[in-house]
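After this come two complexes, each holding subunit A, first together with subunit B and then together with subunit C.
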Partner chain A sequence: MKKRGFADLFFLFLVLYLVLPILATALYAFATNWNSTVLPEGLTFKWLGTLFQDADFIQAFGRSVLLSGGAVLIGLLFIVPAIFVIVLYFPKYEKWIQMAVVMVYAFPGVILAVGLIRAYSSIGVPMILAVLGAYVVSILPYIYQGTRNSLRNVNARQLLDAAELLGASKVQAFSKVLLPAVYPGLFAGALLSFSVLFGEFVLINLVVGSRFETVQIYLMKKLSTSGHIASSVVFVYLVLMGILTFAISILTKRSKGVANT
Partner chain B sequence: MSYVVIEGLHKKYGASTVLSNIDMTIEKGEFVTLLGPSGCGKSTILRIIAGLTDATSGAVKIEEKNMNNIQPKNREVGMVFQSYALFPNMTVKENVAFGLKMKKVDAKEIEQQVAETLEIVHLSDKVNAYPHELSGGQQQRVALARALIVRPKVLLLDEPLSALDAQIRKKLQVDLRSIQMKLGMTMILVTHDQEEAMAVSDRIFVMNKGEIAQQGTPTEIYTKPESEFIANFIGNYNVFTRKELEQMVGVTLPGACLKFAIRPEAIHFEASVGDLHMKGIAKESVMSGNVIRTSFEAGNRFFSVEQLHHRGYSIELGKSYESYVALEDVIELS
Partner chain C sequence: MKVLTSKKSLVWLLPFVVLILLFFIVPLLYMVISSFSNSDGVTLDQYKAALTNSYILQGFKNSITLSAISALVALVVTLFAVYAIMRFSESTRERILVLTNLTSNFSGIPLAFAFIVLLGNSGLFTLLFEKWGIDAFSSFSLYSWSGLLLIYIYFQLPLALMLLYPIYYGIQQQWKEAAALLGASTLQFWMKIGIPIMLPGIVGTFSVLFANAMGAYASAYALTGSSYNLVAIRIGALLSGDIFAQPELASAIAVLLGVTMVTAMLLSEWSIKKTRRNL
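Right after this comes the complex of A and B.
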């Protein structure tokens, strides 16, 4: 019993350690005044209202969605077909993709930023495009894992064989059978990529900065002016991430259920 | 000419030869089994017939038409895979209907045929289930229905029952055979399970190391193995060299062959005229349901005897027994 009590205590401490900062931030986003009391003196939607009335925020949000979403779409368009072809028809080249995946993790953001600036600023490529390109490359690991795992789970080669023997052309087998079967895994990978890019700060701040203000840069700016607004930004961001995580977990579960066939 | 003809098939992967000199003829409506240990190339033959793998040389002909340059989708060959390969995002109905949809059959006709085919495999109540909601046996029935519905000229079955547990496997073997007879469909089954092969086939091709070791009806294969490999693979044959067996039975055996095989159930304990006799000490006994298999030591050789599990019948271990075998049950191996 005594041991059990200690374990519970430790668990409680861990939960507090992890959850308290988030809770406090969220609470601060709704607090009227929270200076000398344990709990806020009152609650209000004022900050959140102000935030959503701020055209800068809405625009920053739009830019973030555009940039991250665009990078994910381009990534899906180029990376997914390549992975399909390599995994299904040229498995011996898969190790090169795996190497590229590791390389993505190996580059620290700062070095990447300096490299991008030196390489592209002098030749007239808009830096935002350079960042977009870097984003597309940086989501390779997530897209690769998502795609490859789904292909493995559904035994893609055999599905294609089965479809072809039932009279489907290669294109039909691909579009009517394989794509719908791996779709949950693909979508989960895309959402994950999106949420990672949405939270990216180092590269965009160093390379483009306030010329293309994303949510993260807006947040940085607000930190020095209003803690309440900054907390509201974080709150909105957390809610968004929560929704994405929930969606990903549902999709992953579904693709696992499918995999048990 | 036969319905399916395979001529001089060779398959090499790089330097290793997977199939050499495979010749087979299969009649319309026949149930043929390719039987062999894993890695003997039997699945490769199926894949070549289906067009999923190219042969290095040789030809596959169906109804006298050479299939070598025909796409899998135009071969009218169906296939059932060991891992079912059902389309996970489609219901049972959509899975079964897939082949007809590809043929652009009209919806009403599809509806009716799907219902009929699911009836055949006893799955009418699972029409709207998804594959992951079904048991392994049910999934394989769906896979079978999906392949049957397009009425392929030849249905290939690649170890379809290997992933299922023994009881369901036995039941599906019976179902498979009765469906095949009812539809008069030509089927080629690949398996490594000799009991399964015996239970369902009209004819068996036993394969070893990329070659056909022997072909024949189940009875022929079982009672007249031509080589030591078949004798060992098909039954629990006792295989002896001529010298060993002559020492054990104490007489000179006719013929010129160097090896002999004796079925364990052909050895018995009641003498009849003309039988060879072997003396042995009972060493070990294994009971597998209705059959007791006892291993006897004679000199420094062992032979095993299988007896039905009779009441009151027992062999005491450590005791010496006289056992007998008729000369015609001593099979000459090449």
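Right after this comes the complex of A and C.
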């Protein structure tokens, strides 16, 4: 019983430690003045209003969505079919994909940034394309995980065989049977990838810099100029991440549900 | 017929392979080549410079201690916290995991800012401690090693939780019951059965956490610019050239960091696989 209380204490510490910075930042976004008092002197929507009237922010938001969304879309178009083919027809090569996943995970943005600059900055390739490509590669672990799990959940191989046995063509079996079954898992992987890329700062800052100002770079600039605006940016970011996380958890549940029915 | 369709389906691998080549293999190769070159040709000078320059070595030392200690703290806290979580109902556990997933996205610049709000020069706690007259924290600065440690622990915690949770999950209730029937106390169960089974998984988790912190850049950059001496920060500074750019030296340091990361990841792969076999 005593041990129980001891472990609970650690759990409480963990939750407080994780939640407190989030709550404080959210509160700061609505605080009128919070420089000398322990709690804010009043609450206001002024900062959020200012933020959304700032064309720079709206454009930065648009760039972030475009870049992260574009990378996820390319990933879905080119990485997912490759994983399908390997898992369904060449399972013995799957360890190569797994190795690629580990390698991609092992090299952080700061190392990849060095490589991208050395490889492409002097030959006239627009560096934003290099970052886009690196983004596509960097979501491989999440896309692989999502695709692999949903293929496993629905017993993809048997599902395809059964569909073809019942007279469906290969294309029909793929598009009418397999895709709808694995769709929630794929979508969850895509949203997770998007949320990871949306928070990316190292690559875009080192390789492209302020020529392509994303939300993260905008936030970095505001950090030294206005705490209230910065906290509003973080608040908006948190709300977006909250929505994405919630959607991912529902989709993941649904993809497991498909397997159970 | 079957072979034919399989062969045809290989076409789908092509764009994937091209992507990996262009945006992963080729850049890393160029980085390695660049680390061995200067204006005259092939040389080991960059490595010699990196390994003898006391400032760069200090950066490695700072990064390694920061990563190891933050990984260790997160690991210990999560080991106990997950033990508590396992006793909650399924729906509560699920809610905790969703919250963990949310906070795992809270890193980099936004996280650094949140800690400025709490512990910066006019942060919430800074003012609170001042008001209460607690001097113990007056020497604390968020913009130093100890401040960075708090931030690193923050982004390690969700990752540690997500990695340890499935390992705990594998410890089956039947084992506990069997051990209890044979007369083992709870403590004995964990010391003699539970922890030994989980040990490779714990080691693997530690090395993922270590690698995670070694590669982190944004939080430290947001707090201290290029002034705090970490390996990742050094690479960034040499690359963008706050004073003057030295991309070849940056490449050499990046290769050294990359070797560290790959070693840590391979170690974790190996030990996590070993745990899976046990469970």
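We adopt the following convention: the second predicted complex is superposed on the first by the 246 of 261 C-alpha atoms of A that agree within 3 Å, B and C clash if a C-alpha of one lies under 4 Å from a C-alpha of the other, contacts with A are read in each partner's own complex, and residues count from 1 in each chain.
The rule is simple: a residue touches a chain if its C-beta (ideal position, glycine included) is under 8 Å from a C-beta of that chain, and two chains touch if they have at least 3 such contacts.
Everything numeric in this text was worked out from a predicted model, so none of it was measured.
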{"item": "Fit or clash between subunit C and subunit B when superposed on subunit A", "value": "fit"}
{"item": "Subunit B versus subunit C as contact partner of A:Pro180, first or second or both or neither", "value": "first"}
{"item": "Subunit B versus subunit C as contact partner of A:Gln172, first or second or both or neither", "value": "first"}
{"item": "Partner chain in contact with A:Gln158 - subunit B first, subunit C second, else both or neither", "value": "first"}
{"item": "Superposed model, subunit A: greater residue contact from subunit B or subunit C", "value": "C"}
{"item": "Which of subunit B and subunit C A:Ile128 touches, first, second, both or neither", "value": "neither"}
{"item": "Where subunit B and subunit C come nearest after superposition, their Cα distance in Å", "value": "8"}
{"item": "Interface residues of subunit A shared between complexes with subunit B and subunit C", "value": "none"}
{"item": "Residues of subunit C that touch subunit A when the two form their complex", "value": "5-6, 9-10, 12-13, 15-17, 19-20, 22-24, 26-31, 33-34, 77-78, 80-81, 83-85, 87, 94, 96-103, 105-118, 122, 124, 127-128, 131, 153-154, 157-158, 161, 186-187, 211, 214-218, 221-222, 232, 235-236, 239-240, 247, 250-251, 254, 257-258, 261-262, 264-266, 269"}
{"item": "Complex interface listing, subunit A residues touching subunit B", "value": "154-155, 158-159, 161-169, 172, 177, 180-181, 183, 257-261"}
{"item": "Subunit B residues touching subunit A - in the complex, by the definition given at the top", "value": "50, 52, 71-73, 75, 77-79, 81, 83-90, 98-99, 102-103, 130-132, 139, 146-147, 150"}
{"item": "Residues of subunit A touching subunit C in the complex", "value": "3-4, 6-11, 13-15, 17-22, 24-25, 28, 35-38, 74, 77-79, 81-82, 84-86, 89-90, 100, 102-120, 130, 133-134, 136-137, 140, 170, 195-196, 199-202, 206, 209, 216, 219-220, 223, 227, 230-231, 233-234, 237-238, 241-242, 244-246, 248-249"}
